[in-house]
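Chain lettering (A, B, C, D, E and F) follows the sequence in which the chains are written, and residue indices restart at 1 in each chain.
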Amino acid sequence: MTSRNLRAGLPALIAAMLAAVPAFAQDEPKLDTGDTAWMLTSTVLVLAMTIPGLALFYGGMVRKKNVLATVMQSFAVTCLMSVLWFLVAYSIAFDENPSEGLNAYFGGFGKALFGGVNMESLTGTIPEWVFATFQMTFAIITPALILGAIAERMKFSAVLWFTGLWLIFVYAPICHWVWGGGFLGGAGVLDFAGGTVVHINSGIAALVACLILGPRKGYGTTSMAPHNLTFSLIGASLLWVGWFGFNAGSAAAANALAGVAMANTQVATAAAALTWMFAEWIVIKKPSLLGILSGAIAGLVAITPAAGFVAPSGALVIGIVAGVGCYLASVHIKKALKYDDSLDVFGIHGVGGIIGALLTGAFASSMVNAEAAEGASVATQFYGIIATIIYCAIASAIILFIIKAVIGLRPTAAEEEEGLDIVLHGESVQ
Amino acid sequence: MKIVMAIIKPFKLEEVRDALTGIGVHGLTVTEVKGYGRQKGHTEIYRGAEYAVNFLPKLKIEVAVAADLVKKVIAAISGAAKTGQIGDGKIFVYPIEHAVRIRTGETDADAL
Amino acid sequence: MTSRNLRAGLPALIAAMLAAVPAFAQDEPKLDTGDTAWMLTSTVLVLAMTIPGLALFYGGMVRKKNVLATVMQSFAVTCLMSVLWFLVAYSIAFDENPSEGLNAYFGGFGKALFGGVNMESLTGTIPEWVFATFQMTFAIITPALILGAIAERMKFSAVLWFTGLWLIFVYAPICHWVWGGGFLGGAGVLDFAGGTVVHINSGIAALVACLILGPRKGYGTTSMAPHNLTFSLIGASLLWVGWFGFNAGSAAAANALAGVAMANTQVATAAAALTWMFAEWIVIKKPSLLGILSGAIAGLVAITPAAGFVAPSGALVIGIVAGVGCYLASVHIKKALKYDDSLDVFGIHGVGGIIGALLTGAFASSMVNAEAAEGASVATQFYGIIATIIYCAIASAIILFIIKAVIGLRPTAAEEEEGLDIVLHGESVQ
Amino acid sequence: MTSRNLRAGLPALIAAMLAAVPAFAQDEPKLDTGDTAWMLTSTVLVLAMTIPGLALFYGGMVRKKNVLATVMQSFAVTCLMSVLWFLVAYSIAFDENPSEGLNAYFGGFGKALFGGVNMESLTGTIPEWVFATFQMTFAIITPALILGAIAERMKFSAVLWFTGLWLIFVYAPICHWVWGGGFLGGAGVLDFAGGTVVHINSGIAALVACLILGPRKGYGTTSMAPHNLTFSLIGASLLWVGWFGFNAGSAAAANALAGVAMANTQVATAAAALTWMFAEWIVIKKPSLLGILSGAIAGLVAITPAAGFVAPSGALVIGIVAGVGCYLASVHIKKALKYDDSLDVFGIHGVGGIIGALLTGAFASSMVNAEAAEGASVATQFYGIIATIIYCAIASAIILFIIKAVIGLRPTAAEEEEGLDIVLHGESVQ
Amino acid sequence: MKIVMAIIKPFKLEEVRDALTGIGVHGLTVTEVKGYGRQKGHTEIYRGAEYAVNFLPKLKIEVAVAADLVKKVIAAISGAAKTGQIGDGKIFVYPIEHAVRIRTGETDADAL
Amino acid sequence: MKIVMAIIKPFKLEEVRDALTGIGVHGLTVTEVKGYGRQKGHTEIYRGAEYAVNFLPKLKIEVAVAADLVKKVIAAISGAAKTGQIGDGKIFVYPIEHAVRIRTGETDADAL
């Protein structure tokens, strides 16, 4: 159970650790090879979600002239976040801030450059090396997700500045709030695998970003049909497959909690995918591949905060609600409001994350997870959502406006017309 | 000499080629094109964004032949490419002044 | 060893469990984190076999106008089977039927909606959550495999009805017969990882389906060349890679049995791939990519029932025989008999499955697996094959005829001509 | 720690085993399910590096007319090496040669056909079946890597002969030298996961091969631009993801050593990718997708020998140096010297491997790995590099000249012009 | 009868089609082509190997019309395809001697 | 004014373009086409199903030039595209009546 504390964001991590001391008094924490094996594997799986998973999911949906630029964003963000996480962001997220007051909001710098991590460091029953790298993969995918909203129209240099600053000033702090000993975890907000930290966070930043950048040139008049959904199929499938590292890996152990998280993930995802497909089948008379893929991602997002708290029948309901909700948000509401969230990051990750966070409050069961009993309440969940939305929206906007002022966010209209592959990277697909 | 240029439905290519070889025409050039006309296209919808696809895949066939063969060529293509459905395509004929076979330098009728 | 009972289809599962009680008398069954880690991983691997593995293997082989429809079938079947397995099929396959007589053929309904599965439930040394989800991935791929036979010519609605009904009325019962306590397991039929349950079953259903649907419009006269074998290469590779979850995962533990299953899988697959390639090289003078990929799948199929029963030299022979046998069936016999099994599901899974099941009887070694000694006989294997073929063929045909009568199986000829991507899903690849 | 001896190439494996006896006197070696779970997973990951990883990385970089031939090389080599490893090469690499003198250079034949491996055999804490299959995946990827240098211009039959002979006469012996009890391991050469055995070895063979074959027809005059870098993105991503099996798997256990190897791999790779990208951005004013992908592979290569010996800050430096070094070698030096290493195997694997091997000597830390203290020295590393280069270059050249004399290495110029897909395999991509 | 053949920038297709339907021309055939002219291309560099891409993507439009419509067609295409930037393309007109609608066998003006 | 249209082997494009710029022709349009003629294709076999690929990849080049340049253009293309092997292709010449540069509205010779 201890391992779950690490991620379930119950009291603060620190509190959990202190609390754990008596329990371990006679029984020193020990590395478990089975848990470690699963967490090594989970780390690999979550990395595969971004490269090649997300890269392809997004790459298939853009126009052919932008496919290389799009996949390169995922790849470059993977590299940049890895280095920044090592240098400083891991510390901000998971180190205890020496100032107790500040610790509610921001971690310390003691773990910068993985300081203090050595061959004996354990986090629960796994080496801290593994924990830090596992968490790194979450810090990679979250900023990468945002970029779907601004696909086909952001300068590559701006992408790097934006995601780098966002990791440090938005992701790492919010991660600290929920999982690292900060105030949201302390308030009892439940977030098993990142509904708030990853999905609401990236969804809101995405909405802010696409509003600040403005729509793609020709949006609404010229065809922006996905150039090759076969790539999106590969991407969505790898996201699904890798998500088991995300959700079942968030048990931080190879146990029944990981098992139920896996079962829940499968049931919710399948249900959401079918729901979106049937909704579309009813409305536009044809079930589309893009629709079923989108529904699957919506289900994966929504089950994320709940995976280790609910039973599979709860997961089924979460999946169905997420399927309908994200369908409406991505297709009908976006159309009505006319903003250009190119690949529907807000509609899927933002809305799906909010649905999942709220329903976690509703369906969390102490039969599945003892800590659900104490923490589960829709109101507490709502508090976590609001805090995240407000901070993320403001901070993301500030970062974007600064970049806009200093180096600019978009290529010229002619460059956008010609396509980012050639213009920004000097390459093209034949 | 003339060039007979035809726009046909893609799956009719083999039949058209057979019809042409049947009348002794053994050379032609094919281009993938998109056609717009009476035959209507379809709509693709991606997450609510509708794109009307008005241009349909067709093949353009170009056959250079001696003037006296034109009638037979038109008949052969028409016969083979016809389904009777809208969108079967068109045949256009225009004159050419010279023809050269690059390999040998032969010209005009000998070049075909 | 206990864990193997679960899948090796020796006596009934129930028998195995009863039998196990004394052994565990002093030694209560306990969760093993290493075994659990491997089974979580195996579940992920088998899911990846279908999406994106099988989707791409099939998608690359069809014409460009049908690629999205083809990959969507794999994806939608994954979703539908997941939900149905949770709702009812797991129970039919693995619950004990309260009526002892019926239990030989059909499980009970006690595990519907994963009823009775809780945080303490174990199957062997792993949480039942993991076992149920691992088995779910088998229930996903089996119906998805069938669809290769009817590629490019079945209505999407008919695909959903067919695979849904087939899961409940064909897959779940046959799974129960062999692994769930039914009569075939009781008779000593050996099926380590699904040669009978998965491959013969899907291969026969595929043959029945393609005969009932009839050939594709233009079959034999127009070109139906694969549009992009690069996708098939990705798909076949992921099938191979994921198959370690299938075969080594069927040890239900991280032990030497899993190890030998992995080694066998590698040797048989490589041997079959080379055999098919060289056969083709001799006959048509060129070794083709599609040939070597097909041979690899044939080897994977044939080693499936044998993986945990034979030694690697046996695996080598099984691979070679499967390579020749499936090559002849898919290329020469099909040509002679003129049926249109679009992507050779019968020639590879049906024939490969039968070869593997028979040779398991011939090569099973008690040095590898104690239970092989008691059970191994070609005659018993033959009995299992015949029972499966007869039931599967009849039940599959009935399901298809009902669907044909009620909603029809095929789009119109003009729609088939235009391509299923546009017609059924309103999408296309550029 | 024992498990590390297997791969860390400290004294000879044999020595290690003898040394280990006392340690195990009271404490018999025992299978650990967690370690086994991770090694089963690692085996799967390393296989995925070659198919589909390497196949796609290379396939995307060639011209469209050669893509199927290119991916087929990876796939066929996978099959052929698997069978040869089982038949004889595993034994040459890891069996103790009965002649003590010969054992420094070449293993015995006692493990041919996996002789002597049974259900009780352990290597460290994992079944020998798993160890043998894990090592098989290294024996697969090494010859497959070489083929990037001769892409688009080698006969398929020559590819099979070359890689088959090379496995037996070059790879297996050098593997024995370093990891199997031979003289390089005995001399204290450090090679955690294959910098010397895999990367320097394949890089040198690649250089030799491309010099002997000569440049592609039209090299330097006609466009040989990559036909679809989206495939290369998938390939490079899967190489990265799978490389965790390679590097963290080389701990042969699920422990802190695997954890630090994983963290190092991530940091070095990300750093190298960014370094190459920024170098290119400075020089040619555009950061390219091919550049960042190439940098990532360079980082993966360079960290390979060091992964379990250095701390992450060492990994960061190794990554940066590899990024610059391989960039210069692949782009500027190759251009100056005018040889046609089609896909820069020497520039990346050869040069990256040498950089990594040397810097392992410089950065190895006894805080990370006790054995580093004894063994770490740039001079010893240099000795290992030189021995490998000399033997590999000579033996590879001999093999190639023999094949050239007997069956020829290249298709005709007209065939090369038409493209290998059609000419050699009778297939094409539409 | 004439064929008006135009080379235009790809993103101008919809506007050109609208302009043509605006003057009552409801059929045309489009081909993806690459153009070489005053407009210069770009350079792609892959690991140091530079490839000049001199041929730029363009669309070729072919419209068969009665001779008296040619002026209007030229005006419509010119108007819609013009950006004023280099590379806007060309219009060429050449005569055709016959036209046939494959579906019906109608000829010449009736075939269009 | 004439259009010189040539069907050539794909790998000859750069040489042909160089030859044309050598004689002062700086504009042309290229289309990927498939050709059928004396040069025979190949057979692809997928799991026993044989598909004859009779259409070979070629490029079509269209060059609009003043009438007096036609001879030189033919010579340039012939020279550059010739390998002497079967399948080198053809050159056809046909008249055009008008030419317009869309960007400027210039016509005829000025438009080229």
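One rule holds for everything that comes next: a residue touches a chain if its C-beta (ideal position, glycine included) is under 8 Å from a C-beta of that chain, and two chains touch if they have at least 3 such contacts.
Everything quoted here is computed from the prediction, not taken from an experiment.
Student: Considering only chains that satisfy the touch condition with subunit D, which of them also satisfy it with subunit F?
Tutor: The shared contacts of subunit D and subunit F, listed by label, come to C, E.
Student: Would you indicate which option in A-B, D-E or B-C repeats the interface seen between D-F, with over half of the contact pairs matching by residue number?
Tutor: Over half of the D-F contact pairs recur in B-C.
Student: Could you tell me which pair, A-B or B-C, is linked by more C-beta pairs in contact?
Tutor: A-B
Student: Could you label the subunit C-subunit D interface same or different, taking same to mean over half of its residue numbers are used by both chains?
Tutor: Here the answer is different, because the shared fraction of interface numbers falls below one half.
Student: Report the inter-chain centroid distance for subunit B and subunit E in whole angstrom, where each centroid is the mean of the CA atoms.
Tutor: Distance between chain centres, rounded to whole Å: 17 Å.
Student: Please tell me the distance, in whole Å, between the geometric centres of subunit A and subunit E computed from their C-alpha atoms.
Tutor: Distance between chain centres, rounded to whole Å: 47 Å.
Student: How big is the gap, in whole Å, between where the Cα atoms of subunit C centre and where those of subunit F centre?
Tutor: Chain centres of subunit C and subunit F, defined by C-alpha means, are spaced 53 Å apart.
Student: Using mean C-alpha positions as chain centres, tell me how far subunit A is from subunit D in Å, no decimals.
Tutor: 34
Student: Two or more other chains touching the same residue: where does that happen in subunit E?
Tutor: Residues 31-32, 44-46, 94-95 of subunit E each touch two or more of the other chains.
Student: Hey, what residues on subunit A touch two or more of the other chains?
Tutor: 32-35, 37-38, 41, 225-226, 234, 254, 284, 286, 288, 290, 426-427
Student: Taking all chains into account, which pairs touch?
Tutor: Inter-chain contacts occur between A-B, A-C, A-D, A-E, B-C, B-E, B-F, C-D, C-F, D-E, D-F, E-F.
Student: Touching subunit A in the complex: which residues of subunit B?
Tutor: On the subunit B side, the touching residues are 44-49, 51.
Student: Hey, which residues of subunit F end up touching subunit B in the complex?
Tutor: Within the complex, subunit F touches subunit B at residues 2, 6-8, 31-38, 54-55, 58, 60, 70, 74, 77-78, 81-95.
Student: Note which residues of subunit F are touching subunit D in the complex, please.
Tutor: 11, 14, 42-46, 53
Student: Can you list the residues on subunit D that touch subunit C in the complex?
Tutor: Result: residues 31-38, 40-41, 43-44, 47-48, 51-52, 55-56, 59, 67-68, 71-72, 75-76, 78-80, 82-83, 86, 113-114, 118-121, 126-130, 132-133, 136, 156, 231, 234, 254, 424-427, 429-430 of subunit D touch subunit C.
Student: Under the stated contact criterion, what part of subunit F meets subunit E in this complex?
Tutor: 3, 17, 26-32, 64, 94-103, 105, 111-112
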